Each structure stands twice: as C-alpha cells, then as structure tokens.
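Across the two complexes that follow, subunit A remains constant while its partner is subunit B and subsequently subunit C.
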Partner chain A sequence: MNKRKLVIIGGGPAGLAAAMGAREAGVSDILILERDDRLGGILNQCIHNGFGLHTFKEELTGPEYASRFIDRVKEAGIEYRTGAMVTGLKPGDNGTVTVTVMGRRFGLEDITAGAVILAMGCRERSRGALNIPGYRPAGIYTAGTAQRFVNIEGRMPGKDVIILGSGDIGLIMARRMTLEGAKVHLVAELNPYSGGLKRNIAQCLNDFDIPLMLSHTVVDIKGRKRIESVTIAEVDEKSKPIPGSEKEYPCDTLLLSCGLIPENELTGMLGASINPVTGGPVVSESLMTDIQGVFACGNVLHVHDLVDYVSEEAAQAGKNAAAYLNGALRAEGKKHTLIAKNGVRYTVPASIDPGNMEDKQIVRFRVGKNYRGATVKVTCGDEVLSSVKRPVMAPGEMEQVILKKEVLTKLPEGADITFEIVE
Partner chain B sequence: MSEIKEFVCIRCPLGCNVKAEVSEGEIVSITGNTCPRGAEYVTAELTAPMRTVTSIVTVDGGVRPVVSVKTASDIPKGEIMNCVKAIKESKVTAPITIGQVIVADVCGTGVDVIATDNCDAVQEG
Partner chain C sequence: MLDVLILGAGVTGCSIARELSRYDLNVLVVDKHSDVCEGTSKANSGIVHAGYDAKPGTLKAKLNVEGNSLIKELSEELDFPFRENGSLVLCFDEKDRDVINKLYDQGVTNGVKGLQIIEKDRIKELEPNVTDDAVCALYAPSAGVVCPFLLTIAMAENASVNGVNFSLKTECDLIEKTESGYRVRTNKGTFETKTVVNAAGVSSDVFHNMVSDKKIKIIPRKGEYLLMDRTVGGTVSHTIFQLPTKLGKGVLVTQTVHGNLLVGPNANDIEDGEEVSTTADGLSEVAAKAALSIPGLPGRQTITSFAGVRAHEENGDFILGECEDAPGFYDAAGIESPGLTCAPAIGVMLACMIADKLNADLKNDFINTRKGIPNPKEMTREEYEALIKENPLYANVICRCETITEGEIVDSIRRPLGASTLDGVKRRTRAGMGRCQAGFCSPKVAEILAREMGTDIGDIRKNDPGSEILKGYIKEDL
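And then the complex of A and B:
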C-alpha cells in the first residue's frame, strides 16, 4: 500500500497554501490530490480582480493569485495529482488515515497517510436546497456554474437574466453577464441587507444600473422546456412573501447565489464532529478536527470572504500538521472551550489548548446582523480578555480577534472563553 | 447650491460610506473615509472614474477554449464596454502565458490588455 506522510485533499487556495506551510515546516513527503484537471481550484474561474490585497499588497485576478501559489508548490517540488477524486477517508492503524482516491490514469488506490489536511472547499446551495416553487425548466443555474460556463468554457448560459441572492458570486456574475452582452434585469435578495462585499455592490451593480431588490424573493418559476419568467414578491420581516406584492419578470436564465456550503462528505465518513452553524468540522487551536491527525482549512472549515485569509489559515494548518507529525502537538492538555453568543454566530477554532498555541492565536467568526460602532468582547469568567470597538460589522464579512498566549496561560485551566457583541 | 453625494469606497474590502459635498462642480468636503484612499476614490469618482476591466479572449489551439485577461491598469469607466468589445474582437493562439499582451493600447487608453492565466497549446498527435 502507498504510504505518505501528509496527504492534502484539494488543490485550491487552501490546499496549495497548506502544502507550502507544511513544506516550510520541514515535511518532505507531501501529496496534493485535486479532482479537477489543474491546480488552483475555484480561483481559476474567478477572473475578476481584487484578490491578494492583504497577501501581495496588489490587486490580482483569481488565476493570477492561484498561479503564484502553484508556482511556489512546483518550485518546492511538492507532488500533486490532478484528476484525482478522493472517494473515501477512514481511520487506519496507529493513528494513520486511509485515503481512497480514484482517477482515470491510475484507477482506484488506497493511500495510508500519517496526517491529512482537508481542503475541499465549498459548493453552492442549489435550487433543490432552496425549495423554490414552480416548474423545473432548463435555464436555472447556480452563479458559480454560470461563471464556469462563461469564464472557462466560453459559453453564455442566457441573455435575459434574473439573479436570486446577492452573494459575491451573484454580484460578480451580474457584471460578467452584462459585459458579455446579456441584460441583467435585477438582483433579488431575501434579506434586508446584502451578503456580498460592498465593493461588489458598487462595482458590479451600481456601475451598470442593475437594481438590488432587498427583502424580495422568487415565489414562482414559469416555463416548460426553458425558463420563461420568474415571479418576485416582497417579503416581510419573517421572510414570508407579502400577498399582492408579486410581479412577473420575463427571463431566459435564473442564477442562484444563495450561500455556500462547506463540502464535508469525506469529513463525515471519518466521523468528525461538524459545527451545524458553519457546516464545517469542529477544530482545535491547531485546526485539527476531533479525529487525530486530520486538519481542516479554507472554505471546507468555514466559508471565508477573502482568499487571503484562506491562504493564511491554510499555511497555519500545514505548519500544525508538521508539528503533529513531529510529535510536537499534545492531545491530553486541558482545553478552553470558545463560546459564541449575542451576535457571534460561531468561532474557529472551537477550543484552545494554550500548550499547543503559538504566541498569538487568531480566532475568526461571523456576526449575525449588521452592526455599527458595536464592540467585540471576549471574556473568561469576570476577566475581559479583549474589547475592541468596530466601526462596521456585517454578516458577509469575516471578523477576527487575536488572543495572546501570555494572557491565556494565566487563565484557570479549561475555563470557557466567551465571544459576544456588545452594542 | 451644494449637493451631498454618497459613495461606498471600493479601494479596500472595508467599504467605507463616504459623503462628498459638491458645490458648482467643485468638491467642498469629503467625510466618512477612514483613510486617504477614501478621499482619493471619491475625488476620482466625481471627476474621472476609472476601472480595471476583466474578461476572456478566445484562444486558438489551446487546451482550453478561452483565457482570462485584464487591463494592466485602470481605464476610464466610460471605456468599459468599448474595451470589452475590443477584447471580444481579438483572437490569440496558444501557448499563452500570464502577463502576455493580448490587446496593446486598448481603445487608445494607453493601457494594454494582458493575459491573467496560462493556456498551453494542444500537443499534436
């Protein structure tokens, strides 16, 4: 059986940065498994710019950002396999993990890994998951599928477009379809706010006079073979359509940008605990799941807003996996459980063992609604560990707090640490 | 008669809400920005808005049918559609490498359209 020290599942931004993180921390035997025919993941179809402002201090397009990491991985001589679909993960002997991988060039193979980094990313919420009533004609796509058609295959999915959901990919596709000659009539958003970045609303909608209809949703789809129209209604504060507010819009395409779901079928096979809020695995300060030697990073862990943070988190996961392989991570230490409440929806990590943390620990989270001038407060019992006022916080943007080791080591062992928003 | 114009600054992901007071075509004051780039952005939006344009170009003989491109720097906002048209009308042959000029001096803006991805040529046989 093929034995490897570290297997990384996914060759997108998370997998690539994790590989570099592990290599720089001294792991020589690394294998990246990527199901597509090239490395880079979803960045390859994100041809718009705005990537890398934090990492490279310049605005890059998705493929450019990916290529910088791909070049590094290739220069470092890290082994990777494309067209490699991982179909199974199970705990093996002596703390190893058995990775079952399949591909047309090498058939079906079991690989025994000393450690595994999950970097499978996420997928889009589909029509089936949204329960939109109406017919089921052709012409309904997730925004990311349309993005792949247009930017990779060079094919247009339609000419008269309605977009449901104002996630970033939907906003980006509103501009993209417009530039390619389609008429984008409107973007409907169920929530009273957009889940997308403000810059995308400004540059992708406002620049092209595409209306953003907040508190609106699709209540009917018409068309037998091809979609012919959608009916859009205003919704009340409980997201219920308001009778009498319906309006029918003719279209030949409906794009859905209604949220991303971490792709964790493999994680589930391992029996790792999943956080119901993020849809990603529950991880420690080392980004290790509750299965020994299995780490997670990037959008499979929790959906990120910026790829820069994915790269940063993934490099850390790679470094931690190296520490684990060297026996430098302890499993028996007392952990602080991180509690998310009052507007903080979740935290990554979910626990911190100060014995395993570095001098600084980044805790990432998202908030449940829009805040202005609210404070992110971190407490342990009566002690305030951090209290930082933020001018603006929005559900679409990830927040972070940095905890210092010198502070955490002084806390009572295993005491809960609470994260909350104080208005 | 002065007028308040509102903008969301797009120079960074923070997206500050910036207000500009404009009187007789002159900017009187700019508020709400957290850094100087906010003021720069609003001034540019009011006087000469600029954008980076990204699109795709058809590739002959490549492993993929299209390759992604961008303007090497910002071009006037009013030239976006002309720029996209110029890109659409051009055709390139594989191999293509990142940074390769696809359309030189697009629409007389002095800015080149460059490839943002690699595209290998299809191997014969």
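And then the complex of A and C:
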C-alpha cells in the first residue's frame, strides 16, 4: 500500500497553504489530492480582484492569488494529484489514516497517511435546503454555479436576474452579471442585515444601483420550464412572511446566495465531532480534530470571509501537522474549553492546551447580530483576559481575539474560558 | 399501420409496452415530454404497497397484490432497485383499534401474506423513533420501496430492446375512429393504428372522451413531499403510515430505496394536471403531519421538496380494459395509488387483452432481462477495480454528493432511450440528486451531455424544450 507522511485533501487555497506550512516546518513527504482537474479550488472562478490585501499587500484576482501558492507548491516540489476524489477516510493501524482516492488516471487506491489535513472547502445552500415553495423550473442556480458558467464557460445563465441572499458570492455575482450584460433587478435578504462584507455591498450593489431589500424573501417561484417570476415578501422579526406584502417580479433567473456549508462528509466517516453551529469539525488549538492526526483548516472548518485568513489558518494547520508528525504535540495535556455565549456564536478553536500553543493564539468567531460599540469580553472565572470595544460587529464579518501564552499558562489548568459580547 | 399505439410513457404505459413486446406486434409509445417517466411516475412515494388498503373485489385490490409480487421478480429481471422493507400503519388511539382490525381483515381477504397486528413494544423495537402515542400497528412485511424512475425506465428500455418504438415530444390532439381502428393526430404526424392504449395519466379523461360517449372525469390530486438527506435516512427503516384520523388523511414517512428519508404527501384537488408547484402551507402541513408519527423529524436535513399529481377518478377505482363503446380503445385510466405497485400487473392484464384481440403470437426471441447502469456501490472492490481498468471513466467522480462517475453518466446517455437532459441523467444515475442538488455537478453533466450528443452546451436542457439551462453568451447584449 502507498504510504505517505502527510496527505492533504483539497488543493484549493487551504490545501495549498497547508502544504507550504508543513513543508516549511520540515515535512518532506506530502501529497495533495485535488478532485478538480487543476489546483486552486474555487479561486479559479473568482476573477474579480480584492484578494491578497493582507497576505501580499496588493490586490489580486482569485486566479492570481491561487497561482502564487501553486507556484510555491510546485517550486517546493510538493507532490499533488488532480482529478483525485477522496471517497473514503478511516482510521488505520498505529494512529494512521487510510485514505481511499479515485481518479481516471490512476484508478482506485488506498493510501496510508501518518497525518491528514482536511481542506475540502464548502458548498452553497441549495434551493431545496432553503425550502422555497413553487415550481422547479430551469434558471435557478446557486451564485457559485452561475459564477462558473459565466467566468469559466463564458455563458450567461440568464439575463433578468433576481438574487436571494446577500452572501459575498451573491453580491459579487450581482456586479458580474451586470458587467456581462444582464439586468440585476434586486437582491433580497431574509435577515435584517447582510451576510456579506460591507465593501462588497458598496462596490457590487451601491455602485450599480442594485437595491438590497433587507428582511425580504422569495415565497413563490413561477414558470414550468424556465423560471418566469418570483414572488418576494417582507418578513417579520421571526423571519415569517408578512401577508399582504407579496410582490411578483418577472425574471428568467434566480440566483441563491444563502449561506455556505462546510463539506464534512469525509470528516463524518472518520467519526470526528462536528460543531452544529459552524458545520465544521471541533478542533483544538492545533486545529486538530478529535481524531488523532487529522487536522482541518479553511472553509471546511468554518466559513471565512477572506481567503487571506484561510491561507493564514491553513499554514498554521500545516505547521501543526508537522509538529504532530515529529511527536512534538502532546495529546494528554489539560485543555481549556472555550465557551461561546451572549452573542458569540462559536469559537475556532474549541479548546486550548497551553502546552501546545505558540506565543499567541488566534481565536476566530462570529457574532449573531449587528452590534455598535459593544465589547468582546474574554474571561476565565473572575479574571478578564481580554476586553476590547469594537465600533461595529456584524454576522457577515469574522472577528478574532488573540490570546497570549504567558496569560494562559497562569490560569488554573483546564479552566473554561468564556467569550461573550457585552453591550 | 400500427398494431398498438400507447398514449403515455409513464410507469403504466411502459409496463404495457414491455408486456406487449413479448408478442409479434408493431407497437408505438408516444409521450408529450422529452423523456419517459416525466409525469405522475416521477413524483410519488415510491412505495410498493402490500395490498390491504383497497376494498376487496376492486381492481385496485386484485392488482395490488399481484403487482407487489411481480415487482419483486421484475427487479431481478430488469435490474432496478427494490427493497422489501415492510410497512407499519400506526394507530394512535385505542378507539381506532377496530379500524386496524378491519384493515387486517381486508388485507387477508385481498390475499396479503404475513400481516400482523403488533403492539406498542414491538413497534418501538422495529422503529425506535416512532411516537410513544402509537398504541398498535398493522405490520405488513411484504411492503417495499422501489425507485419509481428506474422501474419505469427499465421497463421502457426493455420494451425498446424488444422492438417497441418510442416517439417523445409527441403530443396528441385528436383521436378518430376509422374502419380498421383509430387515427391519432399528433404534432409529429398522424398515426393509423388498430388499437389505442390510453395510459395518459392526468390527461387520460381527455383522450377517453374523444372516442367514448361514456365520459369519465379525472381529478388531478396534488401531493407535496419533503426529501431529506441520506444521513438521516435511518430515522425509520420501515414505511410508516398513519390511520386516517379526525385530523384527516395522514402522511407517510419512509426510507427511500436509495436511503433518503421521504415525507408526504398531502392531498389537494386541483384544476390543472401540470400544476406541480409546492406551497409553503402544503409543505408545513406535510412536516406537521409526519411529526405525529416521528416526533423528532429532522426537517433541517431537507434537501428538496416536490409535488406530484395523482390521476384520481371520480369513482375511486382504476378504469382498465376495452372501452365499451369504442372497440380497440383500451383505457388504463385513473391510475392513482397504488398505481406504481399495480403497474406490472396492469401491463400483463392489458397486454393479454390486446394480444387476444389482435390474435398476436408470442415472439421466440423476446429478451426478458435488462442490465442497469453498472453501480460501483453494489460491487466488491475487485469488481470495481476491474471495471475501472476496462473504462477509467468509472473512476472520475462527477457528482460528489452521490459519488456518481463519468462512466455511469456516459452509459445513461448512450443506452437505449438514453438520457438527453439533466433530469434524464439525474433519474438514471442520481447525479444531482444529493445534498448540493446539482450545484457542483450540473455544469459538468451539461458538458458531458453536449459532448456525447455532439451539440453545444447552450442546447442542454433541464427537461422539456424551453428549459434550456443557459441563455446566450457573456457580453453579447452590451
């Protein structure tokens, strides 16, 4: 059987950065498995710019950002396979993981890995999962599917467009469809706030006079072959449509940008615990799941706003996997459990063993609603570890707090650390 | 001159076609849709009923029990998924125990094998997630689940291999009696035929009434469903029905033959037989009623919802056989539940009548088996590796949610009566049937379809003409 030190599942931004992180930390035997025919993941279809401001201090397009990492991976001589779909993961002997992979160039193969990094990314919530009633005609796409048709195939999925959901891909596609010659009538958003970045609302909607209708949703779809119209209604505080507020809008296309779901089917096969809030695995400070030697990073762990943060997190996962392979990560140490409450929806990581952390530990999280002038408070018992006032916080923008090792090592061993918003 | 023209390529029409293909007859199936299995046959519960529901003496009662055993045999012959999972009819109130007893007696009279009335403890043993309110249940071990698409497609393919012709996208607007039979006018030309079979589902009253003075009326009865992810398919293993209560007719909860959880249907009579839209109220009704059986119904795991229309005949039984005042015109009308179960038996019954009428001889080269698309999930590792060696496309995963390969998709397009649309590929292979609902695979499947059919991706449709998935090129309107 094929034996590898480190197998990375996914050759998108997370997988590529994880591979570099592991290589720089001294892992020589790395294999990246990518299901698509090329490395780069979803960045390949993100032809807009705005990537890389944090990582490279310049504005790149998605393919440019990806190619910087792809070039590095190639220069480093890191092995990768494209057209390689992982269909099975199971714990093997002596802490190894058996990875079953298939592809038309090499058939069906089992690989024994000393460690695995999960970097499979996420998928978009579909019309079915949103339970939108009405007919089921052609012309209803997730924003990402439409993005692929437009940016990769050069084809229009339609020309009279309504967008439901103000996630970033939806906002980006509102601008893209307009630039390519479609009429984008409006973006409807169920929540009283947008799920997208502020800069995208400004640059993709406001600049093109595309209305954003907050607290509105699609309540009916008409058209038997191709979509002909949608009915949009205002919703109340409980997100229930308000009778009498319905209005029908003719269109030939409905794009959906209503949330991303980490793709953790493989993670589930391993039996790793999943956080119901993020849809991603529960990880420690080392980004290790509760299965020994299996790490996770990027959108498979929790959905990020910016690829720069994905790269940063993934590089750390690669470095940690290297430490694990070198026996430098302790498994038996006492962990602080991180508790998310009062407006903090979750934290990544979910626990910290100070013995395994570096000088600083980034804790990322999202809030449940819009806040102005509220404080992110981190406490352990009576001790306040951090209390920072933020001018604005929104569910669409990921937040972070940095915890210092020198502070954590002074806390009672294994004591809970609480993250909350104080208004 | 045709011997038989069948109107409708749903499960009933395809079953009759397949049974007629045993005989030396010139048979044509016409359907207005661009694929077989596009009407009622594509949107139903996929249940193979045991046969205790129908009143003894009715066609429904007789054909249900026959169809139940025929489907089991056919699933072997024609290689489509079927599982005998058994069903439970839950009774929530001691006062209704009489109704369960009556159902049991009715089943015994109808010839259903293995029926038992079971008590609470046994119910919980069989189905731990069923409500504590269930006091007893009718257990029918011979009930099953089937893939309604593949049942229909398998029969159609087998009929086609045995010489039956199919004319799709063919809509009939006039049937006239002639000296030697009937003249059927369609958008694809006029056909002269000795006999006509009316298997037109919700439109069967229209065709019947063109030739008969004894008018019939089909009432389209819509039913809505919720389909949930395979990860929660194991919520139940049997098909769970409810006794009709004062709250109305209950809905069923079942694991489908492919392992999803299916919930539905409700029932609403509608005017237009093609009004297959779902409604917010309807879907909530279905979820609420299903929760009476399974209180912890994992509604958040819903991956899609859909509606189907049953062809309900006013008097409540099937209309089968030669029309009294129109010799040579055979009805297979009013085929509502348990129509899917009955279809193989209806096929045998109608084919025998027509073969008798036409004095047809059995062929000696009839091929009674059909192989489905190779399914790697049913293979051993060695078999799968051998298949990949023979055709590496079977290692190229296109639909990641259902793990469907390019090999399976290409086969679905190339086989007899092959897929020509995204829905056609989906029903034959399950590509796009999973939790992302074709988000990732539809562009790839469209590309494969275009390549295999030698056409442009811009011509690829979801289903019927008018459902093209793309609308031109970028920047062409700037």
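Note that the second predicted complex is superposed on the first by the 423 of 423 C-alpha atoms of A that agree within 3 Å, B and C clash if a C-alpha of one lies under 4 Å from a C-alpha of the other, contacts with A are read in each partner's own complex, and residues count from 1 in each chain.
We take it that contacts are C-beta pairs under 8 Å (C-beta built on N, C-alpha and C of every residue); 3 or more make two chains touch, one makes a residue touch a chain.
As the structure is a computational prediction, the values presented were derived from the model and not from experiment.
Engineer: When the two structures are laid over each other on subunit A, do subunit B and subunit C clash or fit?
Structural biologist: fit
Engineer: Does subunit B (first) or subunit C (second) touch A:391, or do both, or does neither?
Structural biologist: Touch partner of A:391: subunit B, not subunit C.
Engineer: Check whether A:153 is in contact with subunit B, with subunit C, with both or with neither, and answer first, second, both or neither.
Structural biologist: both
Engineer: Can A:406 be said to touch subunit B (first), subunit C (second), both, or neither?
Structural biologist: neither
Engineer: Touching A:207 in the superposition: subunit B (first), subunit C (second), both, neither?
Structural biologist: first
Engineer: Check the residue A:47 against both partner chains and state whether it touches subunit B (first), subunit C (second), both, or neither.
Structural biologist: first
Engineer: If we overlay the two complexes on their shared chain A, which of subunit B and subunit C does A:59 touch? Say first, second, both or neither.
Structural biologist: First partner only.
Engineer: When the two structures are laid over each other on chain A, which of subunit B and subunit C touches more residues of subunit A?
Structural biologist: C
Engineer: To the nearest 10 degrees, what angle do the lines from the C-alpha centre of subunit A to those of subunit B and subunit C enclose?
Structural biologist: Between subunit B and subunit C, as viewed from subunit A: 110 degrees.
Engineer: Once chain A of both complexes is superposed, is A:358 in touch with subunit B (first), subunit C (second), both, or neither?
Structural biologist: neither
Engineer: In the superposed arrangement, does A:246 touch subunit B (first), subunit C (second), both or neither?
Structural biologist: neither
Engineer: Shortest C-alpha to C-alpha distance from subunit B to subunit C once the two structures are superposed, in angstrom?
Structural biologist: Least C-alpha distance: 6 Å.
Engineer: Shared contact residues on subunit A, subunit B side and subunit C side combined as an intersection?
Structural biologist: Correct list for subunit A: 150, 152-154, 180.
Engineer: Mind listing the subunit A positions that touch subunit B in their complex?
Structural biologist: 44, 47-50, 53, 59-61, 63-64, 67, 150-154, 179-180, 197-199, 201-203, 207, 305-306, 391-392, 397
Engineer: Quick check on the complex: what are the subunit A residues that touch subunit C?
Structural biologist: That would be residues 35, 83, 85, 87, 102-108, 123-124, 126-129, 131, 133-139, 141-142, 144-145, 148-150, 152-159, 180-182, 219-222, 224-226, 241, 252-253, 263, 265, 268 of subunit A.
Engineer: What part of subunit B is in contact with subunit A in the complex they form?
Structural biologist: So the residues of subunit B in touch with subunit A come to 7-8, 10, 12-15, 34, 51-56, 58, 64-66, 68-70, 77, 80-81, 84, 98, 116-118.
Engineer: Spell out the part of subunit C that touches subunit A in their complex, as residue ranges.
Structural biologist: Residue positions touching the partner: 226-227, 231, 274, 276-280, 282-283, 302-306, 381, 384-385, 388-389, 392-393, 395-397, 400-401, 403, 406, 435-437, 439-440, 442-443, 457-458, 461-478.
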